Amino acid sequence: MIRGFASRTGQMLLVIFGISVLVFAIFFATPGADPTARIAGRGASPQVVARIRAEYGFDRPLPVQYLKMMEKLFISRDLTSFVNHGQPVVPEVLQAAPVTLSLVLWAAFFWVSGSLVFGIASAVLRDSWVDRLLMVLGLVGLSIPVFWLGEVVNLVTQSRWHDTLLFRWVPPLGYVPFSQSPFGWAKALFLPSLTLAVAFIGLYARVLRSELLTAMGEDSIRTARAKGAGPVRVWLWHGLRLSWLSYVSLFGLDFAQLLGGGALLTEVVFALPGVGRLTYQALATLDLPLIMATVMYAAVFVVVANALVDGLYALLDPRIREGRHGG
Amino acid sequence: MEAEVLLKLHHLHLELSNGTALLEDVSLNVRRGDALGVVGESGSGKSLTAMSVMGLLPGLRASGSIRFEGRELLGLKDREWRRLRGAGMAMIFQDPMTAFLPVRSIGAQIDEQIRLHERVSRREARARTVALLGRMGVPDPEAAAKRYPHQLSGGLRQRAMIAMALSCGPALLIADEPTTALDVTVQAQILTLLCEIRDSGAGVMLITHDMGVVAQTCTHVAVVYSGLVVEQGPVAAVMARPLHPYTQALLEAIPPLDGPRPDALPTIPGRPSAPDARPEGCVFAPRCRFVRPDCAVRPALREVEEGRRVACVLYDA
Amino acid sequence: MGAGVEGSYRRVVRAVLTRRDGAFAALLLAFILAACLSAPLYATLNGVDPFSSDIAGTTIRNGQRVDLMQPNDNPLHLGLSPIGPDWQPGPYVLGADSQGRDVAARVLYGGRNSLLIAAASATLCLCLAACLGICAGYFGGWIDLILSRILDMLWAIPVYLFAISLSVVTVGHGIRLGFITIGADNLLIPVGIIALVYVPYAARPFRARALSLSQAGFVMAARGMGASDFRILWREILPGLMPTMAVLAPLVMALCMLAESALSFLSLGVQAPAASWGTIIQDGEGLLYTRPVVAIAPGVAIVLTVLALNVLGNALRDQIDPKGVAR
């Protein structure tokens, strides 16, 4: 058990190391322009350029540059944004994180409850018109670009029908911290998170439906019915129990990816000052340190989340707990 | 001494929604304390018969009659049938590995069945589970109840399965190929267990393709071929003197336990006809060595001796 | 085997086209493709230039010559706003954008870029993924270990963040690799980036398939007869991967199209003056409340195309791979 945990952690650290090398390479070792000029941003003075070159060691070999950068990111955490008047990057990211976390938590709530309802409904009513309609809707949801959907939602709720009874409550775009007003927080996040959740509801409902239908063909489901269990119990207790493994692992990955910056487009469209929007603003000024910081944090976050999902998986399935698959 | 008839299938007919008949005409009886072996090749409809008694065949149309303790089951509301399933009658499946839910402990699954049918606390249910497992010969039942299906051996799993089936004291136990997935030594133990259950007064319906298993465990036998019962009677009599040509062929296909081994076991030429291409007349006629012109009319299952019934023109008076 | 595979392809195509959903998707795709290909026809017939701004221009509405930029009809908004749609065949059927360019013509021309980039990047992505998958699955051992780990790492970076990182370092400068220079406005850049970010997604099913094929009886037999690895890969494994390829192609193309629109929306994809559906949505963002059609029209085009691709992919999967190796 302890050995397994240690080797897991070791693997995780190795992956994090690999990713950091990769991200570093993307930003500072791609063939093309001088990284100094990129960090300095557009139209920086020669003095600034010279200072950056010295500070990051861009005149030294790549491994040294890599180590310097990692030290600035994770140890001294004093990586600064040159475009933005020398503001330290790491605190900025940490400040934006609660916004993203709130958005993604709400979205996860919607997409889990939505996909459970739709997935179970269409599995139970398989091949009926309800099933077909839900599955087509799911595909449509999967096919909508989230930023465009966000704009349409804004158009409807902020402008066209804002004065109707249905949308009068919609607050102006932006974020309200939970500590300031819990109700305002929920109101501000309701539509953005629902928009973000649409594609996931479609995907997860489809996955859940097919997993459930596979599970319902298992012998153990027949046993459950032979025991005298009713349909609700058979579907929800036995069927779901068998089929939610892949659902849970999929959920863990997507949740982590969204927290790590996958919600960027939604945050931009709804003007939510989260990590994604921070990245977006950095894009406009080509603020490389900031972008690299968010990408690096996102990747580390996803790797850690993956490890957690693996652990959760083992909790849910006793067969995996002992390192035995299937059977 | 005539024991009470527990289960009576009368002209049970089962068809797909497109009209293909899976079971043509199945009639059989199980009395308390009896063990009826239902024998047939795969695809003959023996498992379907068991499933239709349990009411586990949604989407299929059944006609005829299934009487359990004098009560007609066909047309029963799902709710009432559910109350019967697991309590009045219980079922054991072929492969206990897949029949248990892999992600919950054995004990939890047995507790569930008890609590589905009786208002007992979790603790009482668990106590009963442990007692049952112990009675089924599971060593250290308390620890075994906490284990997951994959952590037990095949034999223990099947014992747990039987414990679960017996947990609510069913009057009828249906076992669908309960030993096929097990080692030979374990098979014998499980069969002995089934015999004990029968002796304790429950009715047992044992579905199998193995005449040897029937000979060891059962008091009566019904031979099913292509959705029809072709022969029925007490095991000893049928084994000693099989009447139907199909039963004869089945028994010949068992290797003798002693004496010189034959060079080749006799086989039955051909294969059973598919449900949608069943002959008009006797279903076994295409493979029968005694086939005659009057086999073109399907013979009814009729009593030819005390307690023995057969569906073959050879025994028409 | 060749003839059999040919024959089975024809059978699959026929089976997909006779399904109601498959036929619908194919027709819709053909219609969109035809419309985009005939973009020059619309432009020349109506005498509009979708790529140069024409703020002082005029057009004819109801027999009268009117300015493209009209005084704002909403008293709250000052200044000029472009002419709206009149839904009559002829120039400016969908109105003009903030530069006085014909929206319909831009959507048609933008569609060519969107479709081209999506198709090209899907092709590139699938080829790369197939190569990696074959190497990992067929050769196994340490090659598999290393490739799988690398793919895992790439997978840990949220797809859009990965694409953004790659774009942001290439967008202003292009790529200089020795003597090869790819300009910043070259479509190859978004194509390459989008293809790259979806390689981990597509490589898994290829790897699984190559792994199972390499253990199949006919491959063993070929190996036993002394066939070289190259010959086995070319004659036995590659044809065996084609069904996976066919199922993945529309699904990956749908993903690529969504990614392209997102990148273009963030000004990181197609660069002005060229257009794609994503850039048009971005152009329309500023006009969202006054002339929503500018943002809505390209979005609808994206949704329809992606939906058709997804439906087609699902129909193909049902026909080729009903058990769902490639999800």
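Per-chain residue numbering starts at 1, and chain names A, B and C are given in the order in which the chains are listed.
Keep in mind that, in the parts below, contacts are C-beta pairs under 8 Å (C-beta built on N, C-alpha and C of every residue); 3 or more make two chains touch, one makes a residue touch a chain.
All figures in this text were calculated on a predicted structure; none of them were measured in a lab.
By number of C-beta pairs in contact, chains A-C lead all other pairings.
Using mean Cα coordinates as chain centres, the one most removed from chain C is B. Distance between chain A and chain C, defined via averaged C-alpha coordinates, is recorded as 23 Å. Averaging C-alpha coordinates per chain places the centre of chain A 53 Å away from that of chain B.
Note: centroid distance chain B to chain C, computed from Cα atoms, is 58 Å. Residues 14-15, 18-19, 22-23, 26-27, 30-33, 38, 139-140, 142-145, 147-148, 151-152, 154-155, 158-160, 207, 210, 257-258, 260-262, 264-265, 268, 279-280, 283, 286, 288, 291-292, 294-295, 298-299, 302-303, 306 of chain A touch chain C in their complex.
By the touch criterion stated above, chain A contacts chain B in their complex at residues 218-220, 222-230, 233, 238, 241-242, 316-319, 322, 324, 327. Contact residues on chain B toward chain A in their complex (touch as defined above): 54, 56, 79, 82-87, 90-91, 93, 95, 97-104, 112-113, 116-117, 148, 150-151, 164. Interface residues of chain C facing chain A in the complex, by the touch rule stated above, are 149-150, 152-154, 156-162, 164-166, 168-170, 172-178, 254, 258, 261-262, 265-268, 278, 281, 284-285, 288-289, 292, 295-296, 299, 302-303, 306-307, 309-311, 314, 324, 327.
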